[in-house]
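Listed below are the structures to be examined.
Okay, so subunit A shows up in both of these, paired with subunit B first and subunit C after.
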Partner chain A sequence: MKRQIMLVAAGALAFTGTQSAAVSADREVHVAGFGAKSGVVRSFGVNTEAVMRAAAEKINKEGGIKLGDGTKGKVVVTFYDDRCKAEEGISVVRRIASGKAVVAIGPTCSNVAEPLFGVLQKKAGDASDTGLQFPIFTDTAIKGGLAKISEWAFRNVPNESQMYQSLFKWVKKTNPGFKSVFGGVEEDFAHSRFTWYQVMEKRAAEAGFEVKGRVKWLLNDTNFTTQVRQMKKAKADVISISSHPFTLCGVLKEMKRQRVKYKMLIGLTSSSSMETLRGCSRQAAGIIIPTSYAPVTPAAKEAAAGAAKYNGSADLHSAAAWENMFILKSVIEKTGVMAKADTVQADRRKIRDGLAALKSTGGLIGGIQRTKEGEAVKPYVYVHAQGKEWKILHDPRK
Partner chain B sequence: MDDFTWGLVQIVGVHTILGLSAYVILLTGQVSMAQAGFVAIGAYVAGMLTVLAEWHIIPSMITGGLAAAVLACIVGFPALRVRGLMLVVATIAFGEFVRLFWFNFDYRIAKGDIIVGPEGGEGFKQIRFFPENGWTTQDVAAFIWIVAAIILATLWWMDRSRAGKVLRAVGEDEMAAQSVGINLTVVKVSAFTAGGFIAGIAGALYAHYTTHIEHLNFDILMATFAIAYPILGGLANVWGTLFAAIFIQVIVIEVLRDLGDVRNLMFGALIILVMNFLPRGLFSAQVVRKLREWTGLGKTSDA
Partner chain C sequence: MEFVDYLQAVTDGVMQGAYYALIGIGFTLIFGVMNKINLAYAAAAFGGAYASLGVAALIGTGDDFGLPPLLMFLVSAVAAGLFAWVVYTICFRFTPDHYELATLMATVGAFFLIEEIAVHATDGEPMDFPEVLQGIIDDPMIEFSDAFAVRGDLLTIFLLALIAMGLLLTLLYRTRLGLATRAVAQQRTAAQLCGISVDRTNATTFIIAGVLGGLAGAMIGAAVGVLSPLLFVPLTVKGLIVTVMGGLGSIPGAIVAGLLVGGLENVFLALRGITERDMYVMLLLFLFLAFRPQGLFGKKVLRD
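And now, the complex of A and B:
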């Protein structure tokens, strides 16, 4: 009898324990994601969704998010495809904002982020501005300086200006014999264009390199013969290419075919992804790219494994979605979000204020600083392509 | 209705106007792929007027439309010397010329502590007339639909007037129309100019509800959408274009959003199916006649 009582008591305790750790069944914290899941840049959305779902699974397994009244809420992720089109991105966010979501992570394309942030209210609480009052926490759209468009927009993307400044200085320091740089730019894509003209070209010159010129191509181009011929003619020591994996691989293959000689190859942050290695690992061998993500810490490895479970991959862009989910968990817990049907707009405001108040957050490869414009200053490393992997070449923090 | 639905109402309104801009030209039997170019002109001109010159949206929109119309008229003369496939190629070339013009166009001025204006490939941001002037999503939707209704009513009235009959006569048989004294060039250039004006209006509205425009918004895909609406809906009357814009934007784009790339395939398949099985569109004169007979709404139009 005594044994039976003990068993029942143990069972009751276990049940109570499960109940306290488990997520409250009737409280859900809706977090929406959106980005391109179709078209040539579909991998961005596919990876972000996979990472968001993996992060949500981990949060829920660990008991969910503590809400303002002390109960625990389960994170529910929904993801929408905006096809990398501005008009559709705006429509998707209006759809999200008309529902239960308290915050959204996205978009994946800068050409969607820029108009979308313009649709948001510029200054939070400005009654004369009828813009949308909904917090957006961007993981992927990386074009410089976009969060300042609206006080409802926040980003957790790396600061490319800082990354390339550091990279070119490091290249000059470690290879003083390298004198010149020649560029290649995917001219019609907001991010790659911005990064060449506003970042790579300027930072290379500042580091003491002679910028011998640049060649241009378009996102949908498939023939790069003329551009690569010009590249070959320039005989530069360093070739710096600001383009996404799709055209980067085309250019690298053409460079191989024309036997272009160079001493060092530098790539765009967005190309430090599996797409590049799947498309042209042999031709990309040795390309150096600064990135804010590499599976070098247990947390980063966990994010990579989680993404793989949901048929995606963690990279420079999508890994930020993992960080965003945990930053949001912390903000929701700190600001006392209630996650009730009648508190949705108040919860959104709390999350916005919470994100605006952040000075620093945790990150997958190190601490992240937050700026007052809603941007992030993330740690980064230089990786280079070796076989089917991105390997760390240098950690500027060391 | 929630904010999302009102936003969708805005999109459908602008796309209806875009479709109507191609409808006028299609009536004369011409296929114009230049509509995206005219939309771009309207968008940039109206955007510059509200942001840089601080004009109200209405005069800005009309000026944007007129700028597009003037260019359509100028381009109309040489472009209409060619027919059929050659006209398609010529208008695609024009559309690309306009897109690349804005791609290279940089005109920015300081406005307070920020610099605003078109910035070439970076685009033209902060076209925020609506939110900065207290217009709600409903207000914007209502405004867009007032404009769309005016254009629909004007084209509907034109269809029933002599002007409409002249346009259709040219579209049906140029030789026959010429033989009864219709000046083909005047008719075609007039249709082109009207189509340019309407596209410019659509561009002005587009720029202001998206708040940011860049050259890539006005690519061949937009031109394809412009002619797809009247082709799908049919040229029997303006309602076909309206129906097609609602169908594409609400069903194909929004309701089927989760289908990803399949949506793009469906859009293409739909055009192919309609062109093969319903060459005169979903709302052809025969269908409209039957609908009227079934619903008892009187005699058929002479469309």
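And now, the complex of A and C:
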């Protein structure tokens, strides 16, 4: 009898286990990623995808996401290439929205994000607006103030204006002898152009620096001799370069050739990546860049290791995808997402509402505040290039 | 800006124009022989430069390139010659002659294929490329005064480009291979009747042009200090401008036009700024097309 009871109990346990496993296996939370995986910004998409997959692996290993009916679902990540082109980004998101995904993380480029957010429903629940009702949680596209375009758009990107304001003030405070700034700007790239004219130049002046001028070049220029000569003539204490890694490296090499003297070099947030160090680590030595990511906490280190496992690297942009995945996990659990075939649209709405309701979230290097416009106020540190690494120079929170 | 600044701008520009000239020669050489444009030419040239980086990375350790820069130029030239032959075989050899757009579109496809291979191999990241005098001279700047200096590395590149052009002209005008190439360029059927293999001559022309392109690709990498897929399109456009301005099929024309475009580009930059520079270069191209469509040294009459 005792043996029979044991057998029945074992059978019941096995049955329950099978049932529970079957439910878990059936319930999948589809999260789409999209960004540039071809063209010259391919590394951004590669890194974001690697980070998303690593985060999904961690979430699934820890048991998955708790759904509205108490069961656990596993996260499934699908990543799409938008080639950093607006029309392809919009097309990709329409395709994603016609499938099972309940939310998307992306895009890489601001020139994709801006028109893409424009095709989303402007005000959630507005029956007269036939715009796409699909939540997008951006990790990379950094141009200021884009999330306010639609109530379905949310971003977890750093606020450059705040970061450079703080950086220039800190430079002035720690180096009162530095009087002047001279700029270099990649004129035909929306982000770098915006950052110089709307951020670096203004924040430097506000901090008490004399802005002696700026030189310009284009994203695919190969010759910087004339611009660097002007830079040299300006004899500024601080050179501030708003430019992406390819031309940043070209300019830094030319500056070295022409023996441009400066006391401090400041760079664009997006250049605090491995790209710069692979292109010109020697010439970039010492360049200071504010960034919202550095592998300084156990979580940040875990994200970096995860990205490396999937052949990517965690940086200012891609690390945000890790944060987004865990923020989404928390939102999905709080809002009772069901992840069933017939609840896809309702789930999307729940996620949107959940993201909109957030006031603060956790982050890899510290807590993140959320604004009403769907933007993030992220903590940041100043890093500087040393050898083949970015090292923390200063943490403004301390 | 003072006069010396313009002089400096022209000097820098003319020296950079040497690699425009090399790219232009490649386009013009192929056009001269086959009467067709190979739009994948600059892409194959950069393919060679990337290959040299790959070989150097295999041999090197850590920060070292593993190969001296000049040897990387050689590897780039050989690899680009090979790529050029592949482009010829795929895009020209078996493409119907009577459908003129076929080869053009095939080379457009080859261009994007090579570009995307480079993007995938490097994730689109800029790759550090050694300067030509790296490891030989620490400071390559030759200063004549506070206001005027010449980049020694660029001067070396300029001289190397001139040597390469000289060798090409010798090859074309002093060897049997050159004679065959010119014969096919002038009268394909007659050349065939004289026993010259048109296919072999065409393939050889592609390889020679590819070798020059590989040198140009490595020179550009060395001049900028970085290789990136961002270079493919602008250098193809510059090469085509140089080819048209020099006169389609004219090698001396491509040389002069390359140096001219390089110099003028820098003058436009100094005078009007970066945002207008390319507008003036394009305007110059339109002026040539309108008033001197045969270019600087092209023939007025069409081929027979």
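Convention: the second predicted complex is superposed on the first by the 375 of 398 C-alpha atoms of A that agree within 3 Å, B and C clash if a C-alpha of one lies under 4 Å from a C-alpha of the other, contacts with A are read in each partner's own complex, and residues count from 1 in each chain.
The rule is short, and it goes like this: a contact is a pair of C-beta atoms (placed from the backbone, for glycine too) under 8 Å apart; a residue touches a chain by one contact, two chains touch by 3 or more.
These numbers come from a predicted model, not from an experiment.
K.L.:
Record, for the superposition on subunit A, whether partners subunit B and subunit C clash or fit.
P.N.:
Here the two partners, once superposed via subunit A, clash with each other.
K.L.:
Once the shared chain is lined up, is A:119 touching subunit B (first), subunit C (second), both, or neither of them?
P.N.:
first
K.L.:
Considering only touches as defined above, state whether A:41 meets subunit B (first), subunit C (second), both or neither.
P.N.:
The answer is second: A:41 touches subunit C but not subunit B.
K.L.:
Going by the contact rule set out at the top, does A:217 touch subunit B (first), subunit C (second), both, or neither?
P.N.:
It touches subunit C, and subunit B stays clear.
K.L.:
Is A:229 touching anything from subunit B or subunit C once the two structures are fitted on A? First, second, both or neither.
P.N.:
Second partner only.
K.L.:
Is A:258 touching the first partner subunit B, the second partner subunit C, both, or neither of them?
P.N.:
After superposing on A, A:258 lies in contact with subunit C but is clear of subunit B.
K.L.:
After the superposition on A, what does A:245 contact: first (subunit B), second (subunit C), both or neither?
P.N.:
Only subunit C is touched by A:245; subunit B is not.
K.L.:
Which partner chains sit in contact with A:275 here, subunit B, subunit C, both or neither? Use first/second/both/neither.
P.N.:
So A:275 only meets subunit C here.
K.L.:
Can you check which stretch of subunit B gets into subunit C in the overlay, out of 44-52, 170-178 or 260-268?
P.N.:
Clashes with subunit C appear only in stretch 260-268.
K.L.:
Overlap of the subunit B and subunit C footprints on subunit A, residue-wise?
P.N.:
38-39, 42, 187
K.L.:
With touch defined as at the start, can you tell me which subunit B residues reach subunit A in the complex?
P.N.:
These residues of subunit B touch subunit A: 2-8, 11, 103, 121-123, 125-128, 130-132, 134-137, 206, 209-217, 253-254, 257-258, 260-261, 263-264.
K.L.:
Considering the complex alone, what residue numbers of subunit A touch subunit C?
P.N.:
Residues of subunit A touching subunit C: 38-43, 46, 187, 216-223, 225-227, 229, 245-246, 249-250, 253-254, 257-259, 274-275, 278-283.
K.L.:
Under the stated contact criterion, what part of subunit A meets subunit B in this complex?
P.N.:
37-39, 42, 80-81, 83, 86-88, 90-92, 94-95, 97-98, 111, 114-115, 118-119, 121-122, 128-132, 149, 187-188, 190, 193-194
K.L.:
Which residues of subunit C touch subunit A in their complex?
P.N.:
So the residues of subunit C touching subunit A come out as 5, 8-9, 12-13, 16, 63, 116, 119-120, 123-128, 131, 139-141, 149, 151, 153, 220, 223-226, 228-231, 233-235, 265-266, 269-270, 273-275, 278.
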